[in-house]
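Structures follow.
Presented sequentially are two complexes of chain A, the first with chain B as partner and the second with chain C.
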Partner chain A sequence: MGAGHAHPLHLATASPVHRLAPEVKIAAVLLFTIIVVVTPREKFWAFGGYALLLAVVAVVARVPALWLAKRATIELPFVLLAIALPFAGRGERIDWFGLSLSVDGLHGAWNIFAKGTLGVLASLLLAASTTMRDLILGLDRLRCPTVFTQIATFMLRYLDVLADDARRMRIARLSRGYDPRFLWQVKAFAVSVGALFLRAYERGERVYLAMVSRGYAGRLPQPESGRAPAGQWLAASALPVATAGIALAALWG
Partner chain B sequence: METTAMHIANGIVDGPVSAVFAVLAVAALAVCVRKARNDLDERLAPMAGLVAAFIFAVQMLNFQVLPGVSGHLLGGTLAVILVGPWVGAICVSTVLIVQCLLFADGGLTAIGLNITNMALLGTAAGYLLVAGLLRVLPRNAKGLAVTAFIASVVSVVVASQGFVLEYALGGTTDLSLPWVSGTMAGVHVLIGIGEGLIAATTVATVARVRPDLVYALRHFRKPAVVEQEVTA
Partner chain C sequence: MSDGLRVEGLHFAYPDGTPVLHGINLTLAAGERVALLGPNGAGKTTLVLHLNGILHGGPGTIEVAGARVNPSDRAALAEIRRRVGIVFQDPDDQLFMPTVAEDVAFGPQNLGVRGDELTTRVDEALAAVGMSEHRDQVPHHLSFGQRRRVAVATVLAMRPEILVLDEPSSNLDPASRRELAEILEPLPVTVLMVTHDLPYALQLCPRSVIMDAGRIVADGPTPDLLGDEPLLRAHRLELPFGFHPAAR
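Right after this comes the complex of A and B.
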């Protein structure tokens, strides 16, 4: 488990955002996202304001813009959907360089593009500044049901172990001269998925027995409940409060 | 392109409908947790955690379908057959929540929609089909493989139609619904066939080696005839 404590999107730098308690960050990102989603799509400049807020957070968190941009490509399928909307949408149409576009579709495309991108960027900033363990701890302190935090803890702890299992099986297969790579060779791939399940399940049984022999009775010891100081809540609330301010100004303006 | 989002992002479906589905997802998951405890009692956390890690790891294994086109398993039906609907739904939901928080895959406000489609609708459809098919098909590795294939295809398509329903209720753009429905179904039949082939072979492998681990075989078996040793 040497490398099991970070995750691919974590950016290990020291910044004020990294030092915030995880629960305040999760709450801030959730509120931010909700406000963004309920903002009417016609309030164009509000979304510019939101983007500016995220840019400020990114600067404070020392997350490079290029890093963010690269990882935001996860959103691409939805951008493709957004591009299709003006052509497929119904209702009133306008002509633009000889293309007949639906006004509603254009608005919809903008809606998906703006809200989707802002959501992905906010999630990326959260992931970049929070380790896996902290994230679970944050969910736990936000009163997420312990069943889920426990399952998630086990999942994340053993994910790397299983991924390594899979890698070893693949190397074993390669070193025996077989490299399935096309659909008609799918059997070898699926058989190793089956083997992976068996290994995972049997490992789960062993882990459970090991826990029972150490006194586990259905509950994990609660992590020391060092609550986030009020100052951190205050600092993190700057994001949703500013967001709400922009949203209200846009609604009344 | 390594990873592309398969999950609904923010802003596709409007706020109120997203909120309704979030409430629905929470309620349904509470039921799943209660039922899953019947299957696993205090083993629930470690076992479901490992199965969720398995689903996550399997999703990271890409398989080349055609040169340049690679696919990976979604794992919902696989989980249903191997560990049952309740644990399966919890595992898939956990994977979705972590993907949303750690990998920015799927919008935070759309989490209820994603859980409803993939973890609830998908597994429910898969489970009903598995339960139904195993009444007629032989309960051995081959029968299970056929079941897994059919259930995978249908459950993936049903999950995609869940999106169509949500879009009909709270879509942010007025699109012709038959078009959305047809496109989603078409794409997902293809995904489902790939999913089904891999799931079928996988469960057949497990059923041959450790049939006692396969939930579907354990729970839909006719009452086993206990062979009594005649000790005279």
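Right after this comes the complex of A and C.
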């Protein structure tokens, strides 16, 4: 199911990770992230262990390191904030190549950088091995409130339609000589955004009419639920279990 | 022959008071294929939305295969919406689920169909429009003609007694238009086809009804109506250049 629901973060290959049911992967990534976040920042080697675990998952999922690295750049704006911390931090300071850095700030920066990167990489691995449709299906099976999964389902279907609308409107603007170079020339763009909103709103009404015509009475039918076999839960639990092992070892080590 | 659809004395005005329908009387025999012609703003879509109880409130009655459309009776309305399948003009409005098969399953699921029966219905409907191999595809990745065919399948899966098509040939290239005709022609259902495509009406519907300003102004065999040039002109209908219904 969901063939063709490729998104830019999805890597269409066949791997043991790709074959896992979406709900077990979501649960594994969520647990992994929680453990990473609660690990004290001073336990440096634990983070190395976590990274190693993700590397193993990436190898099993046949996701190339470069592919991951390129997409992980989404994290950069957040890391930029972290860079300021060692300079702005208070308390004990150390000198490093003539720069006076706050120890506490360094720890803070490391905390954001390490946990952020691990979280982003884990999410990317989940996205790379799961289509958008399956992600929604997985959330649904994990009893995520249907209102969220339904909104996501509609978004999945109509995002492309809206993007096409927007693209056609842009081409139509450009074809009539619109070429904004400065901020005060964006009026036509702003008006198009408004027009796009109205189109989406009107489409919403038409979609609703068409749904009612097919007997819609306020509840979307539940997807036929196939449950993930216990073996898959077991396989996917390897990641959080190993992560928890590292965390415990770091705490008591 | 039993009546597939009977509309009697139907009036309707929009909430702002604009009258749209002025006493529509229309009867379709079961299995009949009828084209509903008329200029923009004649009230064709308003009439169509009455057939399954989406619009209501004015005087007049509608019966679908013997069952009265009564908007206050929800259970009966569900049955009416099964009997009257409307294929809307823009397939992107109709197809809202992530995959073709899920969308085709939506209508029957609302009727409580589950399991193997649901799979059978989806398979049948997709086979009827020749889209079986696209069942797991995303609607967005299909061509416009394919999406229109899937939209027809979403309604066929409900096994309707009347198929109402709103502008089925609009925006289709000639080959898709012909393919859709080949799909529609053998369907064993009553068909009401709203269209501006007069040759398409002639090809598919032995009978036509012309609507203008909320009234039915003509009703008869399609070749006769399309051959009556003063009638067509009076109601802003025009045959394509070079097309002569009599010559066919």
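By definition in this document, the second predicted complex is superposed on the first by the 248 of 253 C-alpha atoms of A that agree within 3 Å, B and C clash if a C-alpha of one lies under 4 Å from a C-alpha of the other, contacts with A are read in each partner's own complex, and residues count from 1 in each chain.
In the analysis below, contacts are C-beta pairs under 8 Å (C-beta built on N, C-alpha and C of every residue); 3 or more make two chains touch, one makes a residue touch a chain.
Everything quoted here is computed from the prediction, not taken from an experiment.
Novice: After the chain A overlay, clash or fit between chain B and chain C?
Specialist: After superposition on chain A, chain B vs chain C: fit, no clash.
Novice: Which partner does A:203 contact after superposing on A: first (chain B), second (chain C), both, neither?
Specialist: Both partners, chain B and chain C.
Novice: Where does A:156 make contact in the superposed view: on chain B (first), on chain C (second), on both, or on neither?
Specialist: It touches chain B and chain C both.
Novice: Looking at A:214, would you say it contacts chain B, chain C, both, or neither? Reply first, second, both or neither.
Specialist: A:214 sits against chain C, while chain B stays out of touch.
Novice: State whether A:9 touches chain B only (first), chain C only (second), both chains, or neither.
Specialist: A:9 sits against chain B, while chain C stays out of touch.
Novice: Quick test of understanding: once the structures are aligned on A, what is the angle at the Cα centre of chain A formed with chain B and chain C, as a multiple of 10 degrees?
Specialist: The vertex angle at chain A equals 70 degrees.
Novice: Would you sort A:133 into first (chain B), second (chain C), both or neither based on which partner it touches?
Specialist: After superposing on A, A:133 lies in contact with chain C but is clear of chain B.
Novice: Determine, under the contact definition given at the top, whether A:195 touches first (chain B), second (chain C), both, or neither.
Specialist: first
Novice: Which holds for A:118: it touches chain B only (first), chain C only (second), both, or neither?
Specialist: first
Novice: Given the superposition on chain A, which partner contacts more residues in chain A: chain B or chain C?
Specialist: It is B that touches the greater number of chain A residues.
Novice: Can you work out, in whole Å, how close the C-alpha atoms of chain B and chain C get once everything is superposed?
Specialist: 9
Novice: Of the residues on chain A, which ones does chain B touch that chain C also touches?
Specialist: In chain A, residues 132, 153-154, 156-158, 161, 203, 207, 211, 216-217 are touched by chain B and also by chain C.
Novice: So in the complex, which bits of chain B are touching chain A?
Specialist: Residues of chain B touching chain A: 1, 3-6, 9-12, 14-15, 18, 33, 41-54, 56-58, 60-61, 63-67, 73, 78, 82, 90-91, 93-95, 97-98, 100-105, 107-109, 172-176, 179, 194, 197-206, 209-210, 213.
Novice: Hey, which residues of chain A end up touching chain C in the complex?
Specialist: Residue positions touching the partner: 1-5, 132-133, 136, 153-154, 156-158, 160-161, 203, 206-207, 209-217, 221, 223.
Novice: Along chain A, where are the residues that touch chain B in the complex?
Specialist: Going through chain A, the ones touching chain B are 7-9, 26, 29-30, 33-34, 36-38, 41, 71-78, 81, 85, 88-91, 104-105, 107-109, 111-112, 114-116, 118-120, 122-124, 126-127, 132, 135, 145, 147-148, 150-159, 161-163, 165-166, 181-183, 186-187, 189-191, 193-198, 200-201, 203-205, 207-208, 211, 216-218, 220.
Novice: Which part of chain C faces chain A closely enough to touch in the complex?
Specialist: Interface residues on chain C, with respect to chain A: 49, 52, 54, 74, 78, 81-82, 84-86, 88, 90, 92-99, 102, 105-107, 109-111, 136-141, 154-155, 158.
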